[in-house]
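I've put the structures underneath this note.
There are two complexes below, and they share subunit A, which is joined by subunit B in the first and by subunit C in the second.
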Partner chain A sequence: MRYGKSLVVLAVVTVLMLLLPAVGPSNRVLSLATLAAIYAIVTYGIALLFGTGGLLSIAHGGLWGIGAYTAALFAVRAGWSFLPVLVLSVVITAGAATLVALMSLRVRGHYFTIITFAVAEGIRALINAWTPVTAGTEGIVVVAPVRVFGFDIRSNADWYYIVVVSLAVVIALTRLVVVSRFGRRFAATRDNLDLAASVGIGVSRLRLLAFSLSGALAGLGGAYWAYSQTFVHGDQFGAAASIVFILCMLLGGARYTYGPLIGAVIVVFMPPLLALPPLLATAALGVVFILVILLTPGGLASLPERLGQLWRRWRGPDPRPPGAGAAGDGAAAAVPTGVAS
Partner chain B sequence: MRGVGKPGALTVRGLTKRFAGVTALAEVDLEVRAGEILAVVGPNGSGKTTLFNVISGFYRPTTGTVVFDGVPLTGKKPDRINQLGLARTFQQAMAFTTGTVRENLEIAQLAHTDDPGWRAELIALCGLTEVAETMCAGLPYGLQRKLGVALGLATRPRLMLLDEPAAGLSDTDADDLAALITSLPQQGVSVACIDHNLPFLLPIADRVVVLDAGRKIFDGAPEEARGSAAVVEAYLGESDA
Partner chain C sequence: MSIFLQQVFNTLSSASVYALLAVGVTLVFGLTRIVNFAHGDLLTVGSYVLFLVAPAGAIWFLAGFAAAMVAVAVLAVVLERLLFRRTLVAPIRGFLVSLGLIQIIESGLSYFFTAGPRTVHPFIDRVWTVGGVDMPADRVVVIVGTAAVFLALTFYLERTKAGLMIRAVAIDAETAGLMGGPVTRTIAGVFALGGMLAGAGGAFGALLAPVTPFLGYALILKGFAVALIGGLGNVRGAMLGAVVLAALETVVITFGLSTWVSFFGFTLMIVLLIVRPRGLLRGVEAEI
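Moving on to the complex of A and B:
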């Protein structure tokens, strides 16, 4: 029963998410919620790399394009049915991620990140240039009948259910990976790569496997994106998309079970809620991001822990509460944003 | 628990390592015999740490071979070499900073058989009892160095390479460490140890290898090393030991 409590929490969170269509949201809210869940799926992948393994990948904004285009091409041009397309997108993207990892993991630290940046932009350029297959900058309209276990998937709510259930599986899976022996070894490589290798931890294979797994999640998110958005286009992918995922991850907290989910919800819902012109909305998101990093560097999901620390410090013998208390208050105001959504 | 195994033996032949034209090691031959404590000494920049880095797989040799208990190590990765029974410590104090001392030893066993009994023994053996539940990030320097040795031993090696384990230790701590190292061969661990502190190292060594400018200039008993003209010359102005 070690994971009993976590499973109950996940079940409750999942049920709450699944109840959303029942409260009669507008189509717009429902499609934004679907989008947030898709972003979250990809973000759980990069959070596994960054939170556990200390690897910051910018490749995922390109990789999820591979998933999206695999889905678009095989669903529309080849007429494959939904589940085989989904599996294929995941497998192909994981394969591509493995190749990227083989290249990029040869170098360390920020050099790794720079290579992944080049990969993301390379994939975008490839999609735009490879006209015979990808239709170049025209993009592909993804209209294909989708049946899952005998049900026709048509409405926004149908897609929402599918994506949220997948997300719940992704959350459970990534959590299991993190606490597993594999995850603990991977964390050791973040802490100290050379020391990890010196005590027999197979750092190369471990990081390769983690990158492939996180690529698989990008592929899954990409396939859902193609189906639910019904249109794929090269410029939806690349480094700019990666930055969005990284924003989700850092806002929510890379090392927390619900960090990526919280981050994705904020990134997707905040701009439309503010009803500002696009540029200002982006700027507002930037301000929120800076505040979060300053007040609670571990991300919003770390707030309860951080407030606990501040509270203990405030009550404890250390007589230096004023500054800390103020920071705590500011951060506390941000709680409902993350938790309520 | 694996129990006390047989100590390992290492054979290095014609080992050369060049970095962009600088020869750090030149045609070095040496042996660590099963169950012995070998001292590796030499002035700064003489290639001692490079030697350990090549043996443990962190560097690839330019030429030459390293064989451990009949298994060639040349070209193998550090993790594989550790799996084969060879552990090393680092010149800089290193730990998995996000965990306690006990958790560090657990991490060190993640790629090996989990062995709580051996961990508990090591904590006592390496003088870490009082800090077992302390986070490694805040550990005093001397204890960090002892932890480094403990991490290597946690992997149950048959050969241990120690890179300046006594650097920065107080005399008492160095004495404790000397006692620990001396006990290793009985536990099934051969030792090769680098240190500048010759009063610490020579009394516990069975044999001494002296490196100078990447070449082996002496290989013999500790008493003879003190009298060797080549060794005295290499150390001239560096140490009065």
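Moving on to the complex of A and C:
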């Protein structure tokens, strides 16, 4: 039972999340919570690439648009039922992500990030321009009856349950990938790509696979977005959406199991809690974002660890040999740069 | 023939703004490796300074133009001192900081100036026709003004000591520092220079098309496309890239595909990055 404790923690977190509708929140709180869970699903995909592989992808803001539009088109125009649409969105987005990876992984560092930026905006431009298929800038209203295993999905609470259960699966899955042999090899490509290649790791295939996997999560989040928001429009996607996901990721901490979740909850709930006018709320989010990058590069989830380090330093030199007490994500104090390879 | 010349003229006027933006981007990247996506918003700030200082009149435009250059240069240096200086060790953090800045500047601008588009027309109604080519005075001012700015910039970079220092830091900051050069001051100076160019671009851009607070975000993508087409870090490359992108856009619009303009722009950028990652002229970065 190596992962027994983590599984128990995840089960507790999931049950706590599932209890939310029972305490009788307003519809608004419930839909915000659903939104946070959807953001978290996509953010886990981005965090897998950045936290483990050191790849900062901005393409996901466009990729989840592919997921959302696949869902919208097949649910509304073709009348497919929910589960096939979900699977198709994931598969098509993963396929698109593979294509993007084939193009973008040929270059490194800044060039990778900028290509993915162009991809995100290219997808948005494509959605807005390809009127015969996507209805262009009019967007698509997504109204389709949804049945899952014989249950009709209608209320906000129903959607919340579905998305949260998916999120729990996503958290477990990404954690498994990170600690697996695959994940450790992927981390090796972050620390030193050339060295990883020279010890016989097939870096190209590895990074391609990781990118497709994280694209699949973007597709899943996009499909849920289309169903739960009941309206898709090209301008919901693109680099601006990526910025929100990256904010979620960095705020929480890309390398921590619950980092993306914490970040998504804060990003979604902070503006309404501050009750600022929308514009000032956006500005406040920007300020928080910059402060987090400059002050806690490891994200909020790294704070307990950081405070622990400060506490030990303040108490004086540690009598134990170095590293004896370190556990978990101990090396996550510095943000992975991924550009210095 | 006159249609062709007309298109060349139109291309040059939009290329001017792209070039002013992209040269700033490429200079800052060349010295710091920071991908500053907030640079497009510096340009919009320049436009709004122009609106404040010179709402009308040709003489006032000069004052507004100068004010935009100075104000944006000051803003750029303040941002460098406060934020970007702290990210020089890990340039990707500088990039992330600039993403936060976009949100602050754009929502700030629309909070103070409302989100609606604004224009100025100081040289209103004057159109010269030379050899069948219609040349609105606004656009002539933009093209001639940009040419003058770039002449001054080239002189500064290639004929002055400060320009020499900028080129030295771009090639190897560490060695330049060991030789006793003021590296941090040069980096702040390059932010100021980029800011001045963005201020000029903002003032000129306001003559060409309506400006909204969210324009910077659309512009910066073009700015980076241009800088990448030319080769990141290469000033002449950025000027060339601006003409290439503007020409592509003119062609796409001429074929009646104006909704597809941005899609073709990004496609050109992606294809070029894959085929020729260092751009048409060589960029600075060795890690490809």
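In the analysis below, the second predicted complex is superposed on the first by the 314 of 341 C-alpha atoms of A that agree within 3 Å, B and C clash if a C-alpha of one lies under 4 Å from a C-alpha of the other, contacts with A are read in each partner's own complex, and residues count from 1 in each chain.
To be clear about the criterion, a residue touches a chain if its C-beta (ideal position, glycine included) is under 8 Å from a C-beta of that chain, and two chains touch if they have at least 3 such contacts.
None of these values were measured; they are calculated from a predicted model.
S.K.: Does subunit B (first) or subunit C (second) touch A:Asn128, or do both, or does neither?
M.R.: Second partner only, subunit C.
S.K.: So in the superposed three-chain picture, is A:Ala188 touching just subunit B, just subunit C, both, or none of them (first/second/both/neither)?
M.R.: first
S.K.: Should A:Lys5 be classified as contacting the first partner (subunit B), the second (subunit C), both, or neither?
M.R.: neither
S.K.: Any idea whether subunit B or subunit C touches more of subunit A?
M.R.: The larger set of subunit A residues in touch belongs to C.
S.K.: Return first, second, both or neither, reflecting whether A:Leu280 touches subunit B, subunit C, both chains, or no partner chain.
M.R.: second
S.K.: Taking the superposition on A as described, I'd like to know which of subunit B and subunit C A:Ile293 touches: first, second, both or neither.
M.R.: Second partner only, subunit C.
S.K.: Once the two structures are fitted together, what part of subunit A is touched by subunit B and by subunit C alike?
M.R.: Looking at subunit A, the two contact sets are disjoint.
S.K.: Where on subunit B is subunit A touching in the complex?
M.R.: Contacts found on subunit B: 56-58, 77-80, 82-83, 87-88, 90, 94-99, 107-112, 151-152, 154-155.
S.K.: Using the touch rule from the top, collect the residues of subunit A that touch subunit C in their complex.
M.R.: The contact residues of subunit A facing subunit C are 56, 103, 106-111, 113-115, 117-119, 121-122, 125-126, 128-129, 131, 136, 239-240, 243, 246-247, 250, 277, 279-280, 282-283, 285-287, 289-290, 293-294, 297, 335, 337-339, 341.
S.K.: Show me the residue ranges of subunit A that touch subunit B in the complex, using the header's touch definition.
M.R.: 181, 184-185, 187-188, 191-192, 194-204
S.K.: Quick one: in the complex, what on subunit C touches subunit A?
M.R.: Residue positions touching the partner: 29, 33, 35, 83, 86-87, 90-93, 95-97, 99-104, 106-108, 110-111, 217, 221, 224-225, 228, 232, 259-260, 262-263, 266-267, 269-270, 273-274, 277, 285, 287-288.
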